[in-house]
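Each of the next two complexes has chain A plus one more chain, namely chain B in the first and chain C in the second.
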Partner chain A sequence: MSSPSTTLLASGCHITPSGCGFPAPGLDSFNFKPIFSIGSFHFTKPMLLALICMVLVVGFFWTAFRKPKLVPGKLQLVGEIGYNFIARNIAREVIGKKGDKFVPFLTSIFFFVWLMNIMSIIPLAQFPVASRFAYPVALAALVWITYMYLTFKTHGFVGGWKHLTIIEGLPKPLVPLIVVLEFLQNVITRPFTLAVRLWANMFAGHMLIVMFSAATWYLLTPSVYALFSGGSFVLAIGMTAFEVLIQFLQAYIFTLLASLYISGALEEGH
Partner chain B sequence: MLTLTQLAAEGPQNPLIPATSELIIGLIAFFIVFGVLGKKLLPNIQKTLEERRDAIEGGLERAAEAQAEATRTLEEYKAQLAEARHEAARITEHAREQGSMIIAEAREEAQRQAAITVAHAQAEIERTRGQVTTALRHDIGRISLELAGKVVGESLEDSARQSRTIDRFLDELEAKAAESAGAK
Partner chain C sequence: MSAQLVDLAAAATGVKGNLGAVAYGLAAIGPGVGIGLVFGHSIEAMARQPEAMPIIRQNMFLGFALCEVLALLGLVVPFIFTA
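Up next, the complex of A and B:
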């Protein structure tokens, strides 16, 4: 198992003259050889990137907010913009005054996820950490735990279940059906879709970039295919630019949904 | 979970099965981010932002206060000015009243004095007239007697008759005088 880009670059496989088949990138693109192993624990590139992201997020906010000044410096100002983006546009807007408590949680999620996504287009890294399903799952699990904890804390045990399953004012025959559906939606599919949405976007984005990069290399021969190679290259660049948008958007959506769930758990009615 | 890890190590796997080691690394990384941001850095910046807002709002408040103070002082000045005007008007009015009172008093006094003077004069005139009348009466009596004596040629020695004649004459004179006074 090795990084597909290395395989491709090393293979020297081109459409002409050998006529070897296109080595289409697949799941292999997301599996890495361990950098080192301790027993059954294998330290891989995505793990390294996750830790780098952690260091970068902490490092940035440490430098920006360690000794905040009334009149902010450039870095503090940038940090404040980021902080206010979460505190105002997400926490306050979605949850309201009660959301202030959750700003650190939401801020951590947003910037950690965003940076992990950005790794997709950073030279040498070039891998979105969230395209390994475990990372979105870990974060979505934390959101889910928060969601459940707040639901039962706000409404009590019975009230919490009612909050999760019952919609008031329904005709009686529909109630059992809706209870099942609401339970599935709130308790099962919400955390699952939260994780899958982020993972699938990053997975697909990375797949596209790898695909066009591989095609560029595969088609790059002294023949008419060089034209397609150029087109493929342009698309690879275009997809990369598009990914920049998607990376931010997915981090934003993840955070926004987390705040929506928190807000749902805190609100009085259903 | 061990099997999953083994799978991950061995070959292509279902990408929707999360690897335990990665879950752990992800959670650790996130908790470190959350811990440092949540415990120290974000409270830091939150405090600073509040301080800044206080500073700005404090400045605004102070400005508003100064404005209010200025308005209040202006109001006071205006009130004082109005009062002063009012006072001035009152004083003027008072002075005018007093002036007219003084004038009235003076006029009254003058009138009183004039009346007194007139009364004195009248009394004096009356007295003088009395004196004159008496003197005249005496003189006229005497002159009339002389005249009568001369005219009639008889001496009216008889005092009773004499006196009666004089009185009658005088009465006639007075009656004439009264008549002429009434005609006037």
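Up next, the complex of A and C:
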């Protein structure tokens, strides 16, 4: 893997005595050499991690609910706690009674995103899958297709476009402006920001951890800089702890916004 | 364009470096204030009405997400415009 930490280790770059410049982590920390290639298709580490996450989520919920019992076993209990968290805190609160049939969708999204984010701090994996832009884009596209489909299904074709673009009760001169703004907001920026939010959070978080880890190694010399190295190490640990919080929060927010968009598509004209 | 701007700024002030970092600092001011307001008012609301905590917390995270995305767009912009 061509992560900056390994290139740093290989170069043996320290602040003293060579005084080589700090090899700041950049975009190259997010590009991996393919594990194997089939023709022009390259199988890389993020793909492997995403596959593992998918297998874990599917496998966990399949084994937990394979033979559901009235008095749940341990695994089923954990699965039910996870399912109920989404059902009560997100689907029921945001969408209401109609939200019950979207709980499986939202649960899968939440746990898949969360697990992909958690990969950032698992030893050996240590890469948030969502910091490659394609993964959040695919998930946001899924949400976009869902709520656009529901909009047109609930309101019909013309009604659907009205629902997406028109706010009732506005003064006449404002209408053309609001139509354009609402269209941009509902159809274009919504999925874009949904994807960017997850991507940029994971990207920045990973960059911070790599940055402090690299600085720890760079400053680690038998001199006064060892103190700074220690401080950097403490910050790297602190950032990792902070990332745990952010990872959960981003998965929660992604699911919350997905359910909000779905509820917006389902509600009667505003 | 941005390279010329950096050169211009460097020539005018004698400062070297990437102007993008300054731009992102400026871009983060607004969302910083916004996120502070969101959390501040939510905590105030929770203190006044602890029984409404779940719904306040949910809306707090919603407001937080909508503010935060502005700062994150600032992070994204350099990648778009240097390509």
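Throughout what follows, the second predicted complex is superposed on the first by the 269 of 270 C-alpha atoms of A that agree within 3 Å, B and C clash if a C-alpha of one lies under 4 Å from a C-alpha of the other, contacts with A are read in each partner's own complex, and residues count from 1 in each chain.
Following the convention adopted for this analysis, a contact is a pair of C-beta atoms (placed from the backbone, for glycine too) under 8 Å apart; a residue touches a chain by one contact, two chains touch by 3 or more.
All figures in this text were calculated on a predicted structure; none of them were measured in a lab.
Three-chain overlay on chain A, with chain B and chain C fitting side by side and no clash.
Once the two complexes are overlaid on the shared chain, A:Leu260 sits against chain C while remaining clear of chain B.
When the two structures are aligned on the shared chain, A:Lys74 is found in touch with neither chain B nor chain C.
Residue contacts after overlaying the shared chain place A:Lys172 against neither chain B nor chain C. With chain A as the corner point and C-alpha centres for all three chains, the angle toward chain B and chain C works out to 100 degrees, nearest 10. When the two complexes are overlaid on their common chain A, residue A:Val137 makes contact with chain B while staying clear of chain C. Touch criterion met: A:Asn89 reaches chain C, while chain B stays clear of it. When the shared chain is aligned, chain C comes close enough to touch A:Arg197, but chain B does not.
Shared-chain residue A:Leu249: touches chain C; no touch with chain B.
If you count the residues of chain A touched by chain B and by chain C, you find the higher number for B. Put simply, the nearest alpha carbons of chain B and chain C end up 5 Å apart when the two models share chain A.
The intersection of chain A residues touching chain B with those touching chain C, taken from the two complexes, comprises 196, 203.
The touching residues of chain A, counted against chain B in their complex, run 1, 26-28, 30-31, 34, 40-42, 44, 46-47, 50-51, 53-54, 57-58, 61-62, 64-70, 72, 76, 79-80, 83-84, 103-105, 107-109, 111-112, 132-135, 137-139, 142, 196, 199, 203. Residue ranges on chain A touching chain C, taken from their complex, read 89, 93-94, 193, 196-197, 200-201, 203-204, 249, 252-253, 256-257, 260. Touching chain A in their complex are the following residues of chain C: 54-55, 58, 61-62, 64-65, 68-69, 72-73, 75-76. Chain B contributes residues 2, 5-6, 8-9, 11-13, 15-23, 25-27, 29-30, 32-34, 36-38, 41-49, 51-52, 55 to its touches with chain A in the complex.
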